[in-house]
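Order as written gives the chain letters A, B and C; numbering starts at 1 within each chain.
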C-alpha cells in the first residue's frame, strides 16, 4: 500500500481524465480551475438534451446539489444513467441536503436511481442523506457531527455500517475525515479548519475525488482517500503561505495553486492517516 | 450612537447569521466569500420548490436581479413572502433596473408584493425603481446621479422623500453614499472610485447589508449604514495594498480579505460619515 | 497599418463599449472582470423576455455556448436578431462544440439564423462547426488541430477558405493563432501554453474580441486580431510575474491584471504577428 496515494495522483496527471460536472454556479469556476490544477480536464454541461452525450466521453461524473433546479435534476439522472451503463464512477455531493425537505427528497431520488460510487459530504449531510437507507434508526442519531481525533474508532465503525447499507463509498469530511467502503475506513488528519471559511472547498474536493476515480477506476476507495488527503494537504501548504493581511480569497488561491504544484511524492510524504 | 457601527459588525461575527441569497451567477462566488469573510454563513438556493423552505432557516434574505429569469422570480416571491411572514429582513438589489422595461416591471412587482427592508443600488437604479412609487414626478427627475460631496443636503432630502414614498430603507451608493429610512440619512464618504472596476462590488455590498441586518434586526438603518461604511473602508484598506502591477483582480481579493480582517474597532475608527 | 493594434485598444478605453454577454456560469465572473479591465462595460442578461432589450443598448454581443440550455438559446437568437437589425457586431464562442451532437446542432442553428461577425474557438471547434458550411469536404479533414509555427501558410489558406464559406471572420486560437476574414490572415505568435491551464481564457478572449469590435466596428478584422494579440501578450506579461509557488489561480489574476494595465503602446510593441 506504500506509495498508493502518490500513485493515484500521478495517474491523474498522466491520464488527464475528462470530468463531467453538473454542479452549482457559485463554485463552478473554482471547481474547473481545481480540476485543471490537478491535471484533469473539466467539462460543465447541464442541459437535459445533451447531459448523457457529454457523460459518454467522460472518465467520471460529478453531481453536485448546490444550486440544483427542476431543470438540472433530469440532467443528473440521464447523465448518471449513462455513467452507470458505461461503468464510469459517479461522485455525488449532497450540498446542504439537510436544509430543505425538497433537497433531501432530490438526493434520495438520485441515490435510488443511480449507481453512485462515492458520496462526499460533511457528517451532517451524510447523516441526513442516509435516513431511510439504514435499517437501524439508531445509526443516524448516534453518529455525531464531530469525530474525536484521538478516538475515531466509533465514528469509523458507524460510517462503515452506513456505507454498507447505502452501497457506496462514503467520504465524510470535517475536523477528521473518514473515507470508507464499509470494510476499510481511512481516518485522515490532513486539513485546516480555516478551509471552511472559503466557499466551495467541499465542491472542489468532490470534483477532485471524481478526477482521482476517473484516473484510478480499479481502486475507488484508495482514489477517494488520496483525493481527500491531497485536498487537506493543499490546505496546509496553502495556509503556510498566508501573510498578515491575507484572508479567505488569498487562501483560496494558495490552496488551488498548491494542488497545481503537488507531486505524488509530496502527497505520499504529507498524508497523515491510518486505516481502520 | 458612539461605537454603533463597530457593534453591528461585531454582532455579525458573534451571531454568524445564515443569509439566503437568490442572486446572479456572475458574482455569486464573490458574494459567498464576502459573506464568509464577514463572519456570516451564505446559502444560495433558487429553485421555486425549495426557496421558501431555505428562507425559513435564514436570518436574512438577499434578492438580486443581476441574471434573474422567469424561473427565479417565482423563487424570489415565495422566499420573500416567507421572510415577510417570519419578520426577517429582505435586501433587494435591482441590478441594472434601468436597462430594460422587463427588468423594471420585475423589480416593481417584487416591491409591490414583498415587505422589502432595504433597497441597495446606485442612484440611477433607485431613481428608475422609484418611478411609480412617488406622487411627485419631480422627485425622480431632480435626483441627479451624482451627489455633491460638499453639499449632499439636497440629495439627502430627496432620497429621504423617496424612502418615505417607497416605505423602505434606501442605500444609494456612488461617489458619496446615502443611507436613509426617510427620517435620518447617513452621508458616507468611505470608498474608492476604483471599486467600480471590480465586477460585483454592488452585489457584495447588498449581501453584506443582508448579513448586517440579519445580525442586527432591531436597528436596520444603523446596520445598513454600517455595512456601507464597512464595504467602503475595505475598499480603502484594499487599495492601500495595491502594487504597481496589480489590477482589478488583485483589488477584488484585497477588498474581500480586508473584510476578513476588519474589526468593529477598525470600522468605528475608519468610518467617515455624518447624519442628516 | 502601423499603430493599428494599439489604436484599437485605445478606442476601447475611450469609448467604454457596453458588451452584452449571454455566457456560461463557469467563467462569467472572469469575463466581466476582464471586460472591466480593458475599459469596456459588461452586462450579463440571458432571460428570453429581456435579451433583445438589453442588446439594443449594447455596442456588441458575445454569445457563448459553454453552459447553454434550452432557456438561453432562444435568448441568444432574439439578442442576435436585434444585434443584426442594429448592425452591431456579434461574437460567437462555440465552446466544446464537438463534445455532443446537440451542441453542434445548436451552434449550427445560431450560425444559420444570425449574422455572426466573428467565430472564436480553437481549430477543433472551428472545424466541427464548419462541417456543413464548406462545399469541399476535404477542407475539414485537412485542417489539422496544430498549426506549424514555422510554416503556417497552409493552415492559414485553409482557414481563409473556411471563413469565406462561412461568411464570418474566424479567430482560431492555439499554439499559433490565426485570424482571418477570408482575404487576409493574421498569424499571431503571442501567448503561453500555460494559459490553457486556466479555465475560461477562451471565453475571456471572446468577450475581449466583442469589446474590441464594439469600439472599432468599422474594422472588425483588425479589431479581432488586436484582441487576440492583447490576450496573448497579457498571458506573457502575466507569466513573467509567476513565483515558484504560483499556479493557475495566481496566473489567472496576473493575466487579467496585465490587461488592466496594458496600453496601446505596449500592445503595439509586444504584438508578434505577420499578415498572410
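Operating definition for what follows: a contact is a pair of C-beta atoms (placed from the backbone, for glycine too) under 8 Å apart; a residue touches a chain by one contact, two chains touch by 3 or more.
All values reported here derive from a predicted model rather than from experimental measurement.
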Both-way neighbours, i.e. chains that touch chain B and touch chain A: C
Copy pair chain A, chain C: interface residue numbering same or different (half cut): different
Chain A and chain C: spacing of chain centres that average the CA atoms, whole Å: 34
Chain A: positions in contact with at least two other chains: 25, 29, 71, 252-253
Chain A-touching residues of chain B, taken from the complex the two chains share: 25, 28-29, 32-33, 36-37, 42-50, 53-54, 57, 71, 241, 252-254, 256-261
Chain C residues within the chain A interface of the complex: 24-27, 29-30, 66-71, 96, 99-103, 197-200, 245-250, 252-253
